[in-house]
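Dropping the structure in here first, questions after.
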Amino acid sequence: MQELFTEGKTLILACDQGFEHGPEDFNLQNIDTQYIFDLAIEGKYNAVALQAGLAKHYYKGDNRRVPLIVKLNGKTKFDNDDPVSYQHTSVEYAVQLGASAVGYTIYLGSSHEQVMFKEFAKICEEAHKYGILAVCWMYPRGPAIKDDLDTDVLAYAARIASELGADIVKLKFNGDVSAMKWVVKCAGKTKVVFAGGSKVSPSKFLGVVEQMHESGACGLAVGRNVWQSDQPLKITAAIREVFGLKHNL
Amino acid sequence: MQELFTEGKTLILACDQGFEHGPEDFNLQNIDTQYIFDLAIEGKYNAVALQAGLAKHYYKGDNRRVPLIVKLNGKTKFDNDDPVSYQHTSVEYAVQLGASAVGYTIYLGSSHEQVMFKEFAKICEEAHKYGILAVCWMYPRGPAIKDDLDTDVLAYAARIASELGADIVKLKFNGDVSAMKWVVKCAGKTKVVFAGGSKVSPSKFLGVVEQMHESGACGLAVGRNVWQSDQPLKITAAIREVFGLKHNL
Amino acid sequence: MQELFTEGKTLILACDQGFEHGPEDFNLQNIDTQYIFDLAIEGKYNAVALQAGLAKHYYKGDNRRVPLIVKLNGKTKFDNDDPVSYQHTSVEYAVQLGASAVGYTIYLGSSHEQVMFKEFAKICEEAHKYGILAVCWMYPRGPAIKDDLDTDVLAYAARIASELGADIVKLKFNGDVSAMKWVVKCAGKTKVVFAGGSKVSPSKFLGVVEQMHESGACGLAVGRNVWQSDQPLKITAAIREVFGLKHNL
Amino acid sequence: MQELFTEGKTLILACDQGFEHGPEDFNLQNIDTQYIFDLAIEGKYNAVALQAGLAKHYYKGDNRRVPLIVKLNGKTKFDNDDPVSYQHTSVEYAVQLGASAVGYTIYLGSSHEQVMFKEFAKICEEAHKYGILAVCWMYPRGPAIKDDLDTDVLAYAARIASELGADIVKLKFNGDVSAMKWVVKCAGKTKVVFAGGSKVSPSKFLGVVEQMHESGACGLAVGRNVWQSDQPLKITAAIREVFGLKHNL
Amino acid sequence: MQELFTEGKTLILACDQGFEHGPEDFNLQNIDTQYIFDLAIEGKYNAVALQAGLAKHYYKGDNRRVPLIVKLNGKTKFDNDDPVSYQHTSVEYAVQLGASAVGYTIYLGSSHEQVMFKEFAKICEEAHKYGILAVCWMYPRGPAIKDDLDTDVLAYAARIASELGADIVKLKFNGDVSAMKWVVKCAGKTKVVFAGGSKVSPSKFLGVVEQMHESGACGLAVGRNVWQSDQPLKITAAIREVFGLKHNL
């Protein structure tokens, strides 16, 4: 099995977009979750991040060669003004499905943030007990957030994830490398991965990946820039190179 | 006992309309749940779908020849603008009643959808544990849904059911075969059955059933077009023929 | 001990009005719960229906000769526009108090009906486990109900009680015998008892009781027309006669 | 140890005013909970009523000579229009602290009354199990209550407490002895204690105590008229005399 | 290990500001939680107060020489008008992390105060069971509070904490020594520590510390006036001197 960290770095292939955005992100090839697993294994990703239902149907046989992160909550595109997303999958079930880590999204700044703090802190306790990792998808959003890419907001997000007990926090990247170094510092011993975001040109994407690496991130959680690409392994190789990881893809 | 799938197909005789719509759907013959069981057995249906109370009173003796799907939630006709329906029957009790599968309705697009995601995901975990199947009645409805037959909406519905862990998802059919093929694709390894809907002429109904089959559905969940018909076994035979199943009814 | 059904019929002496309406229904004689038990035993009622607190204080010694129905929820007269009533007594405690059945009120058409469906379905599961009966006080009320005596509304109420697992449903009677026969039919294998309602003249009351019997009810749950009467045993004898039960009161 | 009832009577020294009203009720002497215990023991009270935190710190050693009633909920003076007060202390913990009884306040007529009915009924079940008593502080208050001293309101309050299972109900006294006799009747086997209320002149207070006794109360729950008095044992002796209890204070 | 009280006094180094205010309180030095521990150990503090996530990552090895207080709830700066903060960390988990005490914030006067009373009372029960202390961060705030430094408000806050079972209550100091003596009296056997608050000049801060000591506090919970200082051990020595504690820092 590949491991969740390679020389302290982690590249996560995320496929929770079907829940968050709907199937409009997909085509006839990548709508098939097996295709995502094939890419993850060939691209030597450190993990695939999925909802429990997909894990139940696909995390079997050879697909077990890539570690699994089970997302424990999820939200549709229908609710964005003051979002909340409840835990719907237990840590125990994620462990039964074979997960090496669990993921959970917090909408910092939502009027419901207290509910999500409570759920995530409990998830960290339980993950700790089972000996797996807790990953926080930390997205500032809601009435209290004017700009979700503001450095102070991102620094606050990183700190909260750390104080709640996240092992890894996934954050958006705002393009200001020195500012993001502070954000990474605010995460303390919680490791930071940046979100790949929506698809852009490979050259633009790789430029951002270089900045992410320079900011001190331990990796990234990428989805659309890989599995929407017609050269997913080539872009994967380039990402690995930025993070100083071996590749012969 | 007949089985939940015959050559990969499933025909479900649904009788949850008394809860959802009221007894106005019934007459002196089909108000009797025994009549529904008689049809299901003679018509070689793969399952009868009922609320727990009816199962408790009728799922005995010969009626056990047809597999049982217990609906775990239900809503009256009184609340439709922003619907929610809570789980009122436990998976454990459904198993005690003899269920081969449990059903649960999610109103995608309701402002309460998070509550239903949470309940259904837990139901899938439990059904998994008991070795029975979880069926999602997935109905887009509520403030976020302009058209519940829109292809993108149906595709999203199929994907969410799959990501939450449904073994079977029941969807409405919008009449566009190529669009519905995409919807079926979006359900991944979750099998799709289409809803029979309200009663129409036999010829019209069978025309739609042919389109459903062509779209890749593994079957349908039919109620009123069968038990409101004066020739229920004849129409059942016709449905079976469309899905390539044996019949000498 | 007298039994909950005599030749398939049941006459329940209800005394939950102190909770629902306040002590204004009572006088110095019938405010004493012992008086209610005396009437129940002398009148050979099949059950007394009470809240747990009264059962705790009075269901002892000779009073145990009449079976007990413990009401598990209750509502004051202060809230009627969009009513809800939560379960406040457990089935387990009712069993400890000696109950042969538990009762629960559902306000069908209330915006809170889902909460009550959930509680009552669970109560049916538990009652089933303890081997006692579940009785549904089914009262259509709230924003969705224009006329709580409308036949369609009463038929819907009967069907919902049956689908949720009630063994007995208590309904109001609307005076239209043929309509009420349909309502009784809609209850399926759930037995119907009609509510006695507020006090009217003995002759008027007995006229209604005859119609109730003709409609197919298995009995009635009567309170004020008996214990507010100055001839409670005489009216009880008359009711028993209508239902074809022996009496020498 | 003194007992909770002496010849069927009970005098409770209440000290929950610090929670309900704030320390403005206290001076440098009576702010000390030890002073309250000293009075209770010297005055031969049947119980002291306190919150769990004070019991934890003071219900030790000689203070154990007076029985303890632990209040399980409490409300500040900040919320009065439509009050609710949740149970914050478990019956189990009260028992560990040495309680002979538990107390709980219900705001009858509040829009939250259902929540309090549910909590109190459960408390009665648990107190029953542990073999201790349940005392209901029953205060009509909220949008549905025009006059909390109205006889019908007080009678309703007494009856609800009884139907929920209270062993003792604490009520306000409205000054009309014959009306209050009806209220006491409505409590059935639940014993009635009246609230001492805010401080008035000793002669006025003792006049009211005589009326309370005449109304059929089994005692009173008094606080400020005793521990705000500069002759607390003298007034205690007078109260005892009214209730026919021995005293040489 | 240093102890939670030294000669009846306690000095707590608080570092929960990253959660409550965001990282804007920190610089490149004190953003590192190890720096906080270094100060606590060198400054002979009686405890460090942290969220569970930071405790999980830093409460190891030599850092265990200072006792730990785990904060069980926390709130961001985004919600202040009518604040609520739910318990997100269990007492059990705090114990596993090595805590000698748990902390919890109550916003007295918030419309959600009942929720926090309930959670904190339960925390006191559990802390009692595990043999650790319960510390109440008691902050009057919300619609009912006009002035959170008003003496009556602070006295009420102290009393509520005591009635709920706090071993220690942390309060703000309003500068009026004789008033604050009454506040300390109202806390009864619950010990009072005052909040250090935001950074002021060392001389001004030490003047306030002298007043706090004079008011009868058993110590203080200080953060920014120490770890934002460029002479944190010098100011710590001065605080210790005020409280009559040894120091050779």
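By letter and in written order, the chains are A, B, C, D and E; residue numbering begins at 1 in each of them.
The criterion applied here is as follows: a residue touches a chain if its C-beta (ideal position, glycine included) is under 8 Å from a C-beta of that chain, and two chains touch if they have at least 3 such contacts.
What you see is a predicted model, and the numbers here were worked out from it, not measured in a lab.
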Chains touching both chain B and chain C: none
Intersection of contact partners for chain B and chain E: A
Intercentroid distance (Cα basis), chain E paired with chain D, Å: 35
Centre-of-Cα separation between chain E and chain C, whole angstrom: 57
Touching two or more other chains - residue numbers and ranges from chain B: none
Interface residues, chain C side, partner chain D - complex: 16, 18-19, 22-24, 26, 28, 31-33, 50-54, 56-58, 74-76, 78-79, 84-90, 93
Contact footprint of chain C on chain D as seen in their complex: 108-109, 111, 113-115, 117-118, 120-122, 124-125, 128, 144, 152, 155-156, 158-166, 182, 185-186, 188-190
